[in-house]
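So, here come the structures, one by one.
There are two complexes below, and they share subunit A, which is joined by subunit B in the first and by subunit C in the second.
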Partner chain A sequence: MKKNSALSRAFTFLVFLFLYAPIILLIIFSFNQNNSNVVWGGFSLNWYRELFHNRIIMRSLYTTLLVSLLATVIATIAGTFAAIGFYGLRRRTRNVLNTVNNIPMMNADIVTGVAMCLFFVAFFAGWKDFALWFNSVQTLFELPTRLTLGFPTLLIAHITFNIPYVLLSVSPKLRQLDKNMIDAALDLGCTWFQAFWKVILPQIKPGIVSGALTAFTMSIDDFIISYFTAGSSSSTLSMTIYGMTKKRVSPEINAISTLLFVTVLLLLAIINIREARQEKLALRQQAAPASLPAAAGNPGRRKPRAPSWLAKAAAGIACTGVLATAAVGAFQNTRQPVVNVCSWGEYIDEDLITQFEEETGILVNYQTVESNEALYSLLKVGAGDYDVIVPSDYMISQLIEEGMLEKLDYDQIPNFSLIGEQFRNLPYDPTNEYTVPYTWGTVGIIYNTTMVEEPITSWGAMFDDKYAGEVLMFRNSRDAMATALLYLGYDLNTTDEAQLREAAGLIADAKSRGVYQAFVMDEIFLKMEGGNAAIGAYYAGDYLTAVENNPDLAFVIPEEGSNWFVDAMCVLKDAPHYNEAMAWINFIASTEANLRNMDFIWYASPNKEALEQYPAYYEALYEEELDQETYDIIAAPQEVLDRCQSYVVLPKETRRLYNELWIKLGIQ
Partner chain B sequence: MSKELIRLSDCVVRFDDEIILDHLNLYINDKEFLTLLGPSGCGKTTTLRIIGGFLTPTSGDVFFDGQRCTDVPPHKRRVNTVFQRYALFTHLNIFENVAFGLRIAKTPEDEIARRVEEALELVNLPGYGKRRVESLSGGQQQRVAIARAIVNRPQVLLLDEPLAALDLKLRKDMQVELKRIQREVGITFVYVTHDQEEALTMSDTVVVMDKGNIQQIGTPEDIYNEPKNAFVADFIGESNIIDGIMLEDKVVKMYGKKFPCLDGGFAQGEPVDVVIRPEDIDIVPVDQGQITGTVTEVTFKGMHYDIIVDFQGFKWLIQTTDYSPEGARIGVKIDPDGIHIMRKSRYSGMFGDYSSYSEAYDELNVDADAVTEGSDE
Partner chain C sequence: MNRTKAFTIPYVVWMAIFVVAPIIMVVIYAFSGADGGFTLANFASMGDYTVVFVRSFRLAIIATVICLVIGYPVAYLLSREGARFQRLATVLIMLPMWMNFLLRTYAWMAILENNGLINQFLGLFGLGPFQMIDTQGAVVLGMVYNYLPFMILPIYSVIIKLDHSLVEAAHDLGANSVVTFLRVILPLSLPGVLSGITMVFVPSVSTFAISTMLGGGTEFLLGDLIEQQFLGGAYNPQLGAAIALVMMVIVVLCMWVMNRFGEGEEQAVVL
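Moving on to the complex of A and B:
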């Protein structure tokens, strides 16, 4: 018997361990001294400190709190009145409406998100026609013709998905409400409105409060719906976190996730404790008539209530505060010049944004997205209303081909002259009319010197049985196919179907022989830093981040050659803030900005001054000399670049073939 | 008698196709304790809600002090209600509950304090103001509900089965209490109940209702001693209701035998319902009995025995202090004032038999049944 209970306790413990281990790990590593998620470097609060200095995170936190609070308040009011309306209906109608109300909660968030996005975009299109017509028939008011996704749409979306939760928690309270109580209030001289205010509302208040708390939690928690409705000028915390994971899961994310987890945990705890207390109260209420003296003694210990005027005043101040901040925020948005930038996570030294804002007075809405493909789909749906984007080379040529980019005004970008010759007029933009390069880098193989017998020199290592189960392959078709094409000696940009099929066959064969441990993107950091895999193909700049946590790692650009890539700034067609965008591009192209970015992200700069000055800059900053080998990995020397090739956009049929081959491989 | 305060004139209430109140006419006098008595679904609560203003009759009118007030909303009527399950505001303490109506009326604060304390004293709960609702017992909560209504000094207090949720002992105490309160404040009470004992104990006037109709209005004594039909006779107390034929004034024929009684004014040979209360029957030796029967069941009730006696297949209930064993043959004697004669109504034959189905009874009543159907209203 005893043994049994020990066993069941152990089992319970295991279940909870299984449930919570990942989160515990995340919390532990949020206190890590260094920036690894595998190697423990001692306790520190660094990442929390950094968190509060990270303006992107702080701004998105502000957005999240504002949208959650406003959405909660509005949804609570709307939901409560809806619940009262439902309550007054006939039973059959009410049941139908309740079911209708429940559907959005069951519905997949992604469906709700996409549907909302489509709805807003369709509405904006309709609005544009209406506004144009309206402005043409009268001159009194000028209606804005161009509406975009942004804070208002985000707010509307949040209100929409919050209302069902409020309804769900208020309705039962109403059903429990003694109908006689309303009659009693009317009987005692209340008008209908007074009865609502003085009796119904206080009676259903517990339901309203827990509804509001649930709504608030849902709002804070939401990612998918926000992702599709926030547009370019605002992003919530979870969107920012997701964008940051593009590069790697930094301990900063651990820190913010820990805080988010604790917040949601607290909210849930409050909701549950409230409910438990109410149940107990209800039980006592039932028991009261039977056991009068016992019950009479108990409730005396309740906390004395604050006078009601105080509570009202506090609520009033809170409301005004929220509304005022919202109003000020909206006002700022309309008056201050703005530029909307979309880039990758951890792809800029954020002090540059502050500096730019101080120098020019232009507010930067800095958004991140996780991949070229994600950016493309956002732009296609019409959800990405950005001015400046920073896509990679092959995506740029595709965007140009589809007429989605605006030509740049190079007169406003004097710093373009600092861009090295070798980074101009590249195949994706042959006449250099659309782009200013942001960074460049190479692709190579990262390997763990303790786990391989001899230095890796060939792409063959990616397909070699010798390292079966120890190899990490790209989880994106273009990069993965490139490794095979290079090994086979074919052109990176080949459109020859036979060559492509052969390359895909090579990967499929290696996969079937168990060469690959996994197909990964940023998970490569964890695996390589922790010594869990021997070989992985990835980007040079990221190798330098990884080697900080595991000095056994090495990097090579194989002898067959490789891909070198450029990410460049471009401006979207009809960008609403064109001149501001030019100012931003010029600022980022400056030598100082390039030096700081290069130091921050360890991707090479296309600015020839910055490229030259970086070793000296590094020395001045860290008081140690920059290792030549490291520098060569950041900025590959010309003889290495000569072996490398950049991607160009592939014709449609080849893209389709890529897709088909990739799907056949059965990854993802 | 004092002056008329409320009049319901030809009130009809219909939900969908169901008639809840069927052309009801009722007047209520000032300072009267009037009880609406009837089984559930008889329309008594509906009547109360019409008076309270919570319900507008489908047709018909309500007059208050001679003024038509059919459409006046509850908060404009000088009427307050005590609800069945108290309906106290659980988010307020006792003081605030009682003060609720005064606050709505914007009464000055010192007057509120004074009147609330008076009201709580009236219901024997002085000093309970700070308590929370759920800390009180059911009886105390009901007193608070009364105080909450009375503190507004209404002209009429409506009480909707206020004691139904209390246990028997508490209910008896509260009956006395309510009567005392009514005397002290001197206003009209309209009381709804399905408990006939409650109705008889407290009321000045009892209104017996069934199926949306008033069956009888009268003092408790009238209602008990002179029920108008089998429904009333059965609903108020216990009754043996036997088919009889009026031979002439003051003589009724049952079981083929003549019984002297005090009623008259019926046609000669008119079939009637004869009501005999169980306590009005004397048990006598067989040879002295007007009729004789066999005891089939004896139940000890404390103050008396309930005896079921079979008279030719029709079973009577007799309440007596004399013990008769089961199976004994007994004779009974009924004094003329113990016999009450009622005209046949649509309730005839539905009440007043304490037996289960019996063939002998059926045969015995074949003739009477034919007559009854013919004379049905």
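Moving on to the complex of A and C:
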């Protein structure tokens, strides 16, 4: 065979460069001193150290590997056999099945996820009736009546969306296969299994390998289907990463990805070196006629290679290990008291979780989602059987309105007395029966002082031609509309259609004039830190994170006023672990926990002691004074709060109108 | 070969339970209103989204074509390399995707930004800055980057198993390399190409994160539109299901046409 020319090699190299450019960047930034993905702060192994203390990441890594490996193995076997089955079918039948096979790929992930979740939930309901009936007619053994989403459903979902990829990879190989070969093998006395093992399998092996690779890749990368099928006790790495996007993706993720990547690369290198050595050995043996039988099994090929017993043993050990730990993990879960918590990513000092577990013996399953709306969607389709959730104000009132929350037992939460007066009986929970505040903060404008001519003071900057192409707008309808409503001087919670249309018109007009560089959520860090945009509306706590990496940034709460928000802990109706939930809420409401959380996330605490003590705490910890300006940005003083308004839930028609206006804006 | 048909049974059962049944639920959703009753209202507004449909399909087709143009040569060249390099390369092609999608897309943002790596590099020569991020071009780049492996691998796995004596026969019969490629290798690798096109085009049509991150989030794609119904402020899963359904029907039609064309081609070759 002719070798490739240098030119074509260069082409292949360029394609590989294209595939690897972002990877190299990620690896470089995993050694970054600071937490930015754009601003280089010096070399450090910080994030690797942190990583091994981050149990949320470690746990989700474990789930990811387990579910991806199992799903890949099962899907590869199932897909391969299905492909062989397809091969013997008539074309018409095969075409129908092929179409069905393509469905999971064709469907938007979120629709697949929601559909599967609805299906599982419906099945569980049916199962409950069946189990109740079954338990009532006989007493030999008792069926569990309450099934929930969890690892098994996650695995089923992954297998289901993996099989089509395997099938698509194996089928073309089978079409190439000469049917006569199989017949010949059978004629020569092979059993069907032998024919499969010795004739079909070697022929279609490349297809199986690429199918398995694809399946594993899809599994590892999927997050949205996992969201809707994983339930409250297990979460994959991708889910954890997406959960972080409400705040910012932690560089520890870069570190873990680098480790995974390097591990695979090393494994590949080892295998390759071994193979090279063995090939040499085989060649030498082939030269000596005595060893001919060794090579006879594979005439015309430069094999045999791979110490199969070693590989098999290793695979066997790995599988048993994984299964054993899975079994132990599942067993533990059932015996220990548990509380299932759902919050935002990067929204808790994780040492608190460990401390709570040690103090109380209650295991905390900590899961994260990326937005209030995603949480609502999960709850609505029945995917989240959490105990404690931490939604924002307007979502809380919506959940209360729809009867989805349980009242709290404040006798079990003595630390509630530490919550400041101004954070009780807020409009979202006027009688304070459902909530204990977690954090609060304000919305304002972040701007780059070197890119604007004068300090920004008004929301008008968000619609001004002066900074065309340099402005970042919120990528969620409520916050985006709020900027326009504030500028126009309307109420943040207005339900007046004309006012809302006017506000949307203002944004649409600015968009058509090219004012906006992009609609962003946490991408704002990248854009503001790197000096790619001049102005962006965002949350105060996140400004403080960004300014660490780019000191040119400034923050202002515009003169027209703004939105201030509260995130509060609540318990879902029929929560399976109510008392454990109370213990958790009480623990998090304590002054110590609040101080540590405030320091970690830079959103203000509602605990009055923590709020007062924080400057001293900061000084003791970092041996430098916390300047008043920073403190005022974290915890806006009362006169600023007086200018701010909080969101309340909007009536359904208004929410629909918001959505309609928002989509119109996106279509435009 | 009759016996192999039995292998489809577990698959068919599995797919019926976990694919078809949930899809039926989507269909029911698409035809019901917020109160649960039957309605066609979800489809009535579909005309408003024509722009989005056109935009999504256009970008997905462009991305698929680019993937094919880049992916086919790579697969072909790879098949002519040494056996060991090939084994390594198949994994190397997939490996980038084991890093989380979100992280990789963030990295692309850092590369393409106005102040990003490319523009900084060009700035050294006094060029630019060029607007690369937040354009449709960036969205296509994101799609190509993400789905290129799904084009390369199926094509490669088919080419590698081509009967080499056919190529030799072609040469013996006087065909030069170009003719051999066009008349022998290309038609025989068509099944892989079809698989590749499906695996690139289909996820490209329904993607959403790529457009929000690389496209600036200002121009919705179908995926964004659907996602907005589930995860946006309004929570309207019925409309989301309806849009998804329409999208699927269009994709199925495309695939059906393509596969017909493909199968005919394959048989012509065999004959």
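We take it that the second predicted complex is superposed on the first by the 449 of 668 C-alpha atoms of A that agree within 3 Å, B and C clash if a C-alpha of one lies under 4 Å from a C-alpha of the other, contacts with A are read in each partner's own complex, and residues count from 1 in each chain.
Throughout what follows, contacts are C-beta pairs under 8 Å (C-beta built on N, C-alpha and C of every residue); 3 or more make two chains touch, one makes a residue touch a chain.
Note that the structure is predicted; figures quoted are calculated from it, not measured.
Peer 1: In the superposed arrangement, does A:C190 touch subunit B (first), subunit C (second), both or neither?
Peer 2: first
Peer 1: Output check: A:T160 vs subunit B and subunit C. Expected answer is one of first, second, both, neither. What do you get?
Peer 2: second
Peer 1: Contact-wise, after the overlay, does A:R92 reach subunit B, subunit C, both or neither (first, second, both, neither)?
Peer 2: Touch partners of A:R92: none, neither subunit B nor subunit C.
Peer 1: Where does A:M181 make contact in the superposed view: on subunit B (first), on subunit C (second), on both, or on neither?
Peer 2: Once the two structures are laid over each other on A, A:M181 reaches subunit B alone.
Peer 1: Determine, for the superposed model, which of the two partners subunit B and subunit C contacts more residues of subunit A.
Peer 2: Higher number of touched subunit A residues: C.
Peer 1: With both complexes superposed on chain A, which partner does A:Q203 reach: first (subunit B), second (subunit C), both or neither?
Peer 2: A:Q203 contacts both subunit B and subunit C.
Peer 1: For subunit A, which residues belong to both interfaces, subunit B and subunit C?
Peer 2: On subunit A, the overlap between the subunit B and subunit C contacts is residues 203, 302.
Peer 1: Going by the contact rule at the top, pick out the subunit B residues touching subunit A in the complex.
Peer 2: Its residues touching subunit A are 52-54, 73-75, 79-81, 83-85, 87-92, 100-101, 104-105, 131-132, 134-141, 148-149, 152.
Peer 1: Could you pull out which subunit A residues touch subunit B in their complex?
Peer 2: 178, 180-181, 183-191, 194, 198-199, 202-203, 205, 281, 284-285, 288-289, 292, 295-296, 298-299, 302
Peer 1: Could you pull out which subunit C residues touch subunit A in their complex?
Peer 2: 1-12, 14-15, 18-23, 25-26, 48-49, 51-52, 70, 73-74, 77-78, 80-81, 83-84, 87-88, 90-111, 113-117, 133-134, 145, 148-150, 153-154, 156-158, 160-162, 164, 188, 191-192, 194-195, 198-199, 202-203, 205-206, 208, 212-213, 216-220, 222-237, 240-241, 244, 247-248, 251-252, 255-256, 259, 263, 266
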